[in-house]
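Structure first, commentary second.
The first chain written gets the first letter, and so on, giving A, B, C and D; residue counts start at 1 in each chain.
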Amino acid sequence: MPSSLVHRMPYGFGPSAGPRQGPDGQPFDWSDTPRRRAVTTSYLTDAALLGRLLPPGFSLAGEPVVTVEVQYFTELEWLAGRGYNTLGVKFPATFRGASDEVTGMFLAVLWENLADPILTGRDELGFSKLYAEIPEPRILRGKECHGASWLGHRFIDIELHDAREAEPPVPVGPATGGTLHYKYVPSTGNWGGTDIAYACHTPPGGSQQRTTRFLRALGTVTFHPTGWEEMPTQFHIVQGLAALPILEARGATISETRGGKDLADQRRLY
Amino acid sequence: MPSSLVHRMPYGFGPSAGPRQGPDGQPFDWSDTPRRRAVTTSYLTDAALLGRLLPPGFSLAGEPVVTVEVQYFTELEWLAGRGYNTLGVKFPATFRGASDEVTGMFLAVLWENLADPILTGRDELGFSKLYAEIPEPRILRGKECHGASWLGHRFIDIELHDAREAEPPVPVGPATGGTLHYKYVPSTGNWGGTDIAYACHTPPGGSQQRTTRFLRALGTVTFHPTGWEEMPTQFHIVQGLAALPILEARGATISETRGGKDLADQRRLY
Amino acid sequence: MPSSLVHRMPYGFGPSAGPRQGPDGQPFDWSDTPRRRAVTTSYLTDAALLGRLLPPGFSLAGEPVVTVEVQYFTELEWLAGRGYNTLGVKFPATFRGASDEVTGMFLAVLWENLADPILTGRDELGFSKLYAEIPEPRILRGKECHGASWLGHRFIDIELHDAREAEPPVPVGPATGGTLHYKYVPSTGNWGGTDIAYACHTPPGGSQQRTTRFLRALGTVTFHPTGWEEMPTQFHIVQGLAALPILEARGATISETRGGKDLADQRRLY
Amino acid sequence: MPSSLVHRMPYGFGPSAGPRQGPDGQPFDWSDTPRRRAVTTSYLTDAALLGRLLPPGFSLAGEPVVTVEVQYFTELEWLAGRGYNTLGVKFPATFRGASDEVTGMFLAVLWENLADPILTGRDELGFSKLYAEIPEPRILRGKECHGASWLGHRFIDIELHDAREAEPPVPVGPATGGTLHYKYVPSTGNWGGTDIAYACHTPPGGSQQRTTRFLRALGTVTFHPTGWEEMPTQFHIVQGLAALPILEARGATISETRGGKDLADQRRLY
């Protein structure tokens, strides 16, 4: 592989293939795959409580509307045709740095059910990825039940119903600004210190993703009581999300897409 | 939690509990748990090929003997009483930095079957952890079969036989020097660039681990053919290990221990 | 539930809901679900070897062509919207009993990745169901990789390539005759004796299954070496199938369907 | 294999190896394996409600005390050195048939986390086995948390605490009489009809099982709300058990054993 290839731990074995570099160091073809089915449910919450979840440099942008999104990916070329599932929580925010100011959707946490994309996403992109079990949905007589658990503890249920075919929406507001992240890695030995702490941006556009089906639905989100014994490394995240009141439902969507992008346009913000 | 607590991604939810800080920010009790059963198999290999697996600043120390170690942990207090399994590959090496010179066992790669300790270990300690399935061993008529797979692809088999009770050995040579690591995180956007790249050291001693049983055995290690399609993010690691010739068997061990330490003594080398 | 409801072990808790009786004892709606994606690969083999796999009363019918079929079910109403996967091996055969003579496809073995349909199918229908892991296929650049394993031992690989849209075929020959089975349960205590041993028949027709997509492809099947240590309860089955020579490929198919039937028309043959 | 060997579905591939016949048709060695860790929790319940769970021919014997037992097996020779876990519910009962009268512990249901012993146990022994996930216990600061789930729905929690070393008890009363079962397989096609319906008995004694450790503890059992959507084939069983009031705790035990028997002494009752 050429010298500018990306390494990940373990370093000594040479560059690591991943979403943005294949076994030959070249990018993958994202024109027709992956396939993806995604559901979202959104709700208005309390601005003050939501704002507490933002890292340094970030502030809320517009209405405090939380969107929970579950994605089921298959036929990912970078995984040699395999798939995985994700569950993300995002809301509109603005990052103001020394030189950059960007408004977009802040991705507060993204659970995934496979460790390898968790590691590539954390290390290379600064996505706040964690592990959870995210089983295929249960779909019965028009009702869809999605959710996630950690070592058997179900911490979130997402239910959709009354889905109807609709036109895919044209994004407006912060959703047009791409996705915002905060890359962070602590120091080793210097406990409490910081090795990496900076904002990142996934710019909008540049994707070959096309929507093949879109539906609007009604949806609900329920976070289940979760303490240290249930999720000893993640309980504070579930508690932080569960503390957000659901003031008003803002609708749900179901979409099916093909194609995408490798996020090589991910950039650090200054 | 006090202000010097360790954060991990996602940052915005506050400090994250982990092996070195409980839900109250305090350390855990490592005097009697975890329980741990470990097997090792060692073999002499080719020094030139082995040396290629070392990161910058490292060189081989003494004989090029590879040790493959499988560990089965239960009753881990920091996981609220759960367990997980690991499979590590290590060999003696010396790190020489601007001011530090340390000889110990270099941990080239450590597979674990649970994402949460993978993340705490990579981010906080600089351990080169990756995910693999590591099932409980198959133990039949005195033969033990250990191994690991990734999404169903079995990439290593480790077999032990002819085990006999023995005295736990007193470490000699590089094994007395603790464990060496290379913490590495790539830059975001500046592809091929580096956010973190430094050596780390787990000093020997300070552990409450005590051996309750020890056996010597004979053992073999087999790496199975693995290409990009089988392990699209890790094939180069399996291939790098499979390329090391097994020139001479150097014995196998089985040990059972209780207690340990939280590795808060992990330090960056300069 | 009414008195004619089906019981399964454990008997004492009352009738057990299953594919043919819901929680209220009523049948389910099979008009639009389940969704099903299925692939088949067929090959000509040796008649004498194939005939040995037939139970008493059965003989080969027409050409000795083996069909391996993998099915991925979702949205099964009787599982409250869940799904599961199956891998079956079948070939044309005739059952001649005291009064019945039926030619159809004999289902020699059907692996499934969920215990509950295994139990309902064995006990209620006489299907020769066993457990195996049957992961979602890996689909990469037009090649599909299907297969199954048992506790990590991959015993079969099925690969399809060069798929092209085609007209769904109109069944001819034995495939028009439904599916044949041999229900068998041994005696307890009287070892080697028999509690149940009779042929069963799934008649053709009566299904609401409709094909929404159909493709023809090329395909290969590979059985991997499997001994008692690898599959201590099933190795003889894999060995029996692996012993069948692949004399000539007979094509592969991919189909997507919706709807089905509950197999309440399953009948005992005499 | 000799002609009196046991067959199971699929019949056509010949006799099936299992707990009572190895690949050569011979019995296994049960003198030193399996290893087994078991916990039990018992409670007094309502006799009338408990009696409803009994199949035809059975009646309660003595006090209506329910025992929930979780077993973790490893090193099972008939599984070539693998293990599995079980969760059983039993209570004292008497079977009175035309010629047999036996008092023992009636095994109302036995969940196991592996399909193969479920099939051998149901078909060969008449054990009322079903599938559930039964993870390793969580053991934290003297408290043990056991339990089971079905496709992610946790339906039972069993907690033990205050364990103290004790003498293994000498069985008294119905526990000295072995274990009782009701083998049942429905008819095919003749829905509501019966192919097999008879009582079975596992006589006491004849086992090479020896106890290497025994503790007495306090324990609790909790069944969680479970409807058809949560466990569409088993909800009635969980509901039947959840309906039994816990009138008085009757203690808990922890035991570790080695060796056993293959249950070839299982017999049909008349």
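Heads up, the rule we're going with is that a residue touches a chain if its C-beta (ideal position, glycine included) is under 8 Å from a C-beta of that chain, and two chains touch if they have at least 3 such contacts.
It should be emphasised that the depicted structure is a prediction, and the values quoted were computed from it without experimental measurement.
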Chain located farthest away, centre of chain A as origin (C-alpha): D
More than half of A-D's contact pairs recur, by residue number, in one of A-C, B-C or C-D. Which one? B-C
Whole-Å separation of chain centres (CA-atom averages), chain A against chain B: 30
Whole-Å gap separating chain B and chain D, where each centre is the average of the chain's CA atoms: 39
If you average the CA atoms of chain B and of chain C, how far apart do the two points sit, in angstrom? 44
Using the touch definition from the top, which residues of chain A touch two or more other chains? 80-82, 138, 140, 151, 229
Graph of touching chains, which shape: line, ring, star, complete, other? complete
Help me check something: in the complex, which residues belonging to chain D touch chain A? 133, 135, 138, 140, 149, 151-152, 154, 229
Residue ranges of chain A touching chain B (in the complex, touch as defined): 3-18, 20, 22-23, 52-55, 78-82, 108-109, 114-116, 118-120, 122-131, 151, 182-192, 194-198, 200, 228-230, 232-237, 240, 264, 266-268
Spell out the part of chain C that touches chain A in their complex, as residue ranges. 74-75, 77, 80-83, 136-141, 143, 145
